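Naming follows writing order (A, B, C, D, E and F), and every chain is counted from residue 1.
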Amino acid sequence: MARPATSPAPEPPYYLPSGDEIEVFAQCHAQGLAVMLKGPTGCGKTRFVEHMAWRLKRPLITIACHDDLSASDLIGRFLIQGSGTAWHDGPLTRAVREGALCYLDEVVEARQDTVVVLHPLTDHRRILPIDKTGEVVEAAPGFGLIVSYNPGYQRMLKDLKPSTRQRFVALDFGFPAPETEARIVAQESGIAEPEARALVQLATRLRALQDRGLAEVPSTRLLVAAAQLAVRGVDLRRACLHAIVAPLSDEASLVGAMRDLVDATFV
Amino acid sequence: MARPATSPAPEPPYYLPSGDEIEVFAQCHAQGLAVMLKGPTGCGKTRFVEHMAWRLKRPLITIACHDDLSASDLIGRFLIQGSGTAWHDGPLTRAVREGALCYLDEVVEARQDTVVVLHPLTDHRRILPIDKTGEVVEAAPGFGLIVSYNPGYQRMLKDLKPSTRQRFVALDFGFPAPETEARIVAQESGIAEPEARALVQLATRLRALQDRGLAEVPSTRLLVAAAQLAVRGVDLRRACLHAIVAPLSDEASLVGAMRDLVDATFV
Amino acid sequence: MARPATSPAPEPPYYLPSGDEIEVFAQCHAQGLAVMLKGPTGCGKTRFVEHMAWRLKRPLITIACHDDLSASDLIGRFLIQGSGTAWHDGPLTRAVREGALCYLDEVVEARQDTVVVLHPLTDHRRILPIDKTGEVVEAAPGFGLIVSYNPGYQRMLKDLKPSTRQRFVALDFGFPAPETEARIVAQESGIAEPEARALVQLATRLRALQDRGLAEVPSTRLLVAAAQLAVRGVDLRRACLHAIVAPLSDEASLVGAMRDLVDATFV
Amino acid sequence: MARPATSPAPEPPYYLPSGDEIEVFAQCHAQGLAVMLKGPTGCGKTRFVEHMAWRLKRPLITIACHDDLSASDLIGRFLIQGSGTAWHDGPLTRAVREGALCYLDEVVEARQDTVVVLHPLTDHRRILPIDKTGEVVEAAPGFGLIVSYNPGYQRMLKDLKPSTRQRFVALDFGFPAPETEARIVAQESGIAEPEARALVQLATRLRALQDRGLAEVPSTRLLVAAAQLAVRGVDLRRACLHAIVAPLSDEASLVGAMRDLVDATFV
Amino acid sequence: MARPATSPAPEPPYYLPSGDEIEVFAQCHAQGLAVMLKGPTGCGKTRFVEHMAWRLKRPLITIACHDDLSASDLIGRFLIQGSGTAWHDGPLTRAVREGALCYLDEVVEARQDTVVVLHPLTDHRRILPIDKTGEVVEAAPGFGLIVSYNPGYQRMLKDLKPSTRQRFVALDFGFPAPETEARIVAQESGIAEPEARALVQLATRLRALQDRGLAEVPSTRLLVAAAQLAVRGVDLRRACLHAIVAPLSDEASLVGAMRDLVDATFV
Amino acid sequence: MARPATSPAPEPPYYLPSGDEIEVFAQCHAQGLAVMLKGPTGCGKTRFVEHMAWRLKRPLITIACHDDLSASDLIGRFLIQGSGTAWHDGPLTRAVREGALCYLDEVVEARQDTVVVLHPLTDHRRILPIDKTGEVVEAAPGFGLIVSYNPGYQRMLKDLKPSTRQRFVALDFGFPAPETEARIVAQESGIAEPEARALVQLATRLRALQDRGLAEVPSTRLLVAAAQLAVRGVDLRRACLHAIVAPLSDEASLVGAMRDLVDATFV
């Protein structure tokens, strides 16, 4: 039921490219440059990293960043064991030693101390100093650092420092083109093409609501969830209300506007 | 006196459906989609989850979220044991391994780091990475993640991030229709139907006070408590004052308005 | 010099009822409903709980709540012992297992995580899940949960959440009627009835100062303290200054107004 | 070089009473009432407690309160010892068990959790519950609780809660009358009476500066320090500048005004 | 794969001096004066320190400062080991004992307690007191302390205290002159001189945008990254967009202005 | 390479007195009075304490205060050792036991709990209670407490409490008279007298800039650093820019004004 964190995906994860992102990522990896994926929630950044790990034949270690992720959570710590303590590598250290891809999801959520430990891995040194043991680990060949970042959030107090940003080559992600997105929805849910296209049409209309107060627009993931319910027999309109409208907002006026768009799409 | 946390309820917990929530929940569970229950305090969300666990024949693990619930509280920790330390699964990890339903009550109260550990369980990966051991646990068949959320609270500073919300199919809960609610009150307390209907009538009037400053309107649970006291011989009017009015507010003017409504209901 | 925390009081603690609080409390206990005692400092809430514990023949465990009371302080923790760690029940867990009354004094002072662990004990489940051991303790027959709460404090930032309040039947406490209060003062201090009545008269006048800036009005407890000093030979006027006026305020104008009332009462 | 914390002072600490404080304190002690000493810095509160401990023949345990004083610092904690952990009483617990006077200096500095643990010791229960061991310690005969409190500080955010204040009989302390204060200065420093009186005259003039921005006025302690330097040959004017003026303020205008008063006093 | 933290670089790190910084640094080192390097992100401060360590034949220990770097992280701590605890030197202590250069990168990010432990190392004492062991370590010959500091950040709340600043001789760093910078870009990436010069020309134009809201201007490091991608076949214009423009800002207007400059540079 | 913290300086540290500070300090020490040294950065307070320790033949223990210095850091703590824990004295406790001078540098930086533990050492009791062991350590003969304090900082939120200030005799420190300061610079750096006098002249001019926004004026220490560089061959003007101007400010206008004064001084 459990597999080691660093095993590469056994088969190619489904990913439809929308630009030169595969080429640039591959060249960054070859040159030892760290990569930042910029884009909204659920537009395929995680899937892209899984795809690239498979393509580059590197194990992948993913770390979801949050307020309380400490440097020790990344690097490792001493644990009491038998008589005395033994050092246990954290996920970043494992990735550095094994030459894995290390993906820090939503890096802006992490505390500064977590971000700062990445610095010596992102310049010509490519090292990870472990202060607690005095060891300096040089990155194994194949190691790559990737972070994701959602510039859509308006967060005054939480932003990457310029001195951190300048350590990454950045790839911009957006939602796929409608035709592409419909193909993804159909592929992932098993829904018929016309319904998939209608869902994408609805998404396009909903995404236009961002200027009217919607905190974030619906991701491809939401469309797939609605489609999955519909495939199992839930009425498509109700599936959209449960899987797309209700998750997006609690405000009556916004919910009403979204319901109207659902009705308009599925007359 | 104690039973393991994950045993399913031995008999069907009483639940009166008010829409398609049973069907949608079941389909979400079949498709591996996480579910968010939105609705006010005491409207039956917890009971609904118990009912669905019984219906789907899955064990249920409930976790009450709060400010200090850490990721380790969910996932597990090392405990000193004999010589050295041994890993102890937390309730979420147990649910993931055993294919149980895991219900996080009032998820918005949890810290961001707690919420973020749910992410890889809510997309196509369905995994729980345990950083401290390096293990990646794949969700056992039957595992389902459910969170509850009360959109009624006006909390500026505490809200689910959009990137979290978009990971759930949402079911809206409200108070049951009057006829249904009266049947629930009578069933749970043993009070006669006419008194049960009068209590629901009082609740309807009190719920109209929300615009006049009542922080939250009376739940079905309060009606049942008043009915329980009345069944044991406490005067019904006084039972309402103790079990409904006094818990709802300390403000003299609001309390006065509520007392008037109690008097008007039980002349 | 020390007795176990849960032994019931050996003899009936002195308590003069002022309404139906004894009946309602007893019925709540019989029905498994949790109780909230609302009222100002020193009006007899603690004494009432001790009286009810004696009346219902249940052990009583009292917990003074404060900012730093953690969920572990209530539920228990692992302590290092010999080889390895052993679990030690906290006071709430002991009460749940032994069917004791558990009284959380000034519950609003506790952190949210402390309050939230009470939730599953206050609805139909009547269970206490212990996450750290995976045990779910069902409340033993006789267990009762009581909290106290002083609505007089104007605390913007610290209030019970509605979802918590709706889990309790509430009993309103105020100061006793003058005749009753004088009898209590005489009984507790050994002072003669006329002086006791004069002290209550002073208290009534001082309590009228609340609108003029007194943060809290004098409790019965302060009257008893002044009476105790007077019984031991301290001049009654000076006893009032030391035991009633000085504890209530440091502001010169308020202290002056109170001294005038003392002088007017004991010419 | 070290003596146990609880031994009473071997000889009567020098203390000149200025009112009925000795009688009221003694009666409070006899009646088991807790005492609050209110007054400015260095006016003799600590000395008074030492004097009363000697008079009542009780050991004295003094605790300086501060922001980080936790309940465990007062009550005790488990310490790792040989195989397993052993409980170690804190200073409050020792005082309760031994029937000592326990003096919490500047109690308003302590955190709420520290203050709250005092509550059950200050009412009819006179107990100290130790949650971590489940023990309830009844106060031994002779135990007395004393706190000090400086109402002069204007601290918006830090004040004793009314529910705490009402648990103490309060004694107001001020600076001694000039004749008394001069006698104290002479006694403590060995300086001649005329110089002692001149120092007190200077203090009276400086204390009048409070309305002009002096955060706190000079205490008797400062006069004694100046006198001690003068006795050892430091010029009295310079001794006043070093021991009285410089400690009181850094502001040039205030320092200038104080220097002028020193010059005017010692022409 | 790993080498001890303190080994000097085996070969001269590439560094092009732009003033008297090598001479002044060497004299500071000879005189035991601590050095502060002031300048923007990515202008070569780290490389300069590596170069000086090689030149002075001293081992180099680099510490990236951040909010959570504690004094213990620098000095060392007790770790449980076999029976009891053993002291482990931190990186600063190791540098002090071994006479290494110790480089604290972005020292302004560190907490005050971290900075304060440096003080006795920066004056005539040249000692490091280790409070936890009672040891006072005198700096070995060759020890040197270097900190870096980016004065460009406008951080109201985070600044070095004057009493800290006055403990360092400061060297100002800026971007190299265009001719020098082009040579660095060519040397580090392998790109042809004309493209290197065009990239520097672009950087000069982009750096002029600082007054229009760019938080930080592009460093030499970004130019090298763009050049590295171009050398591997990525179109130079696209390489600039990914490696220079996207990392610098998320704001549409700024990004647009920067794209225009890229287009204007590589027509 | 390391010596115990408490050994007195082997030879008289160079110190030029500027008033009666040596006599007053010696008398305070003889009388057991604590001393506060008030004055700007780098004016010789630390050197003065070292000089007095040598003169009074007492060991000296110096503690640099900071935000995170806890009471335990001063007093001591239990450490795990073999079987069980053993108490380890902190630096303050060692000083108290050994009759050393204990110097707390920049005491205003310390947390309140650190400052409060000093109180019983500064009045007639001269004791240090160690709550965790129950021991009360009486100060050994020769013990002296000294704190330093820079009143120049305008820190609203961080100031010594009046009740703490009144526990010290205060000595005001300023920069030495020009003739004296030039002699110090020459003595410490080996520079010729004329250059030393020119440096002091520059310092006098720079110190006049305080009203124009300079956070702190240059200390004698900065003059010595510039002189040290010049003695080793660095051009005196450039030495002043690196060692005096650059450390003092990052603001272009202030730096420009200071450069002009450097040019004017060394034409």
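As a working rule, a contact is a pair of C-beta atoms (placed from the backbone, for glycine too) under 8 Å apart; a residue touches a chain by one contact, two chains touch by 3 or more.
As the structure is a computational prediction, the values presented were derived from the model and not from experiment.
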item	value
Steps in the shortest chain-to-chain touch route ending at chain E and beginning at chain D	2
Neighbouring chains common to chain B and chain D, by label	C
Copies chain C and chain D touch via same or different residues, half shared test	different
Inter-centroid spacing, chain F versus chain B (mean Cα positions, whole Å)	60
Cα-centroid distance, chain A relative to chain C, in whole angstrom	52
Between chain D and chain F, centroid-to-centroid distance (C-alpha), Å	30
For chain E, residues contacting two or more additional chains	80, 83
Going round from chain A, first to chain E: chain order	A, E, F, D, C, B
List of chain F residues in touch with chain D within their complex	20, 23-24, 27-28, 30-31, 33, 36, 38, 70-71, 78, 80, 83-85, 97, 111-113, 115-117, 119-120, 123-124, 129, 131-132, 134-138, 140, 151, 162-163, 165-172
Of all residues in chain D, those that touch chain F in their complex	1-5, 41-42, 46-47, 62-69, 73, 79-83, 88-91, 94, 105-106, 109, 150, 188, 215-216, 218-219, 221-222, 225, 228-229, 232-234, 238, 242-243, 246-248, 250
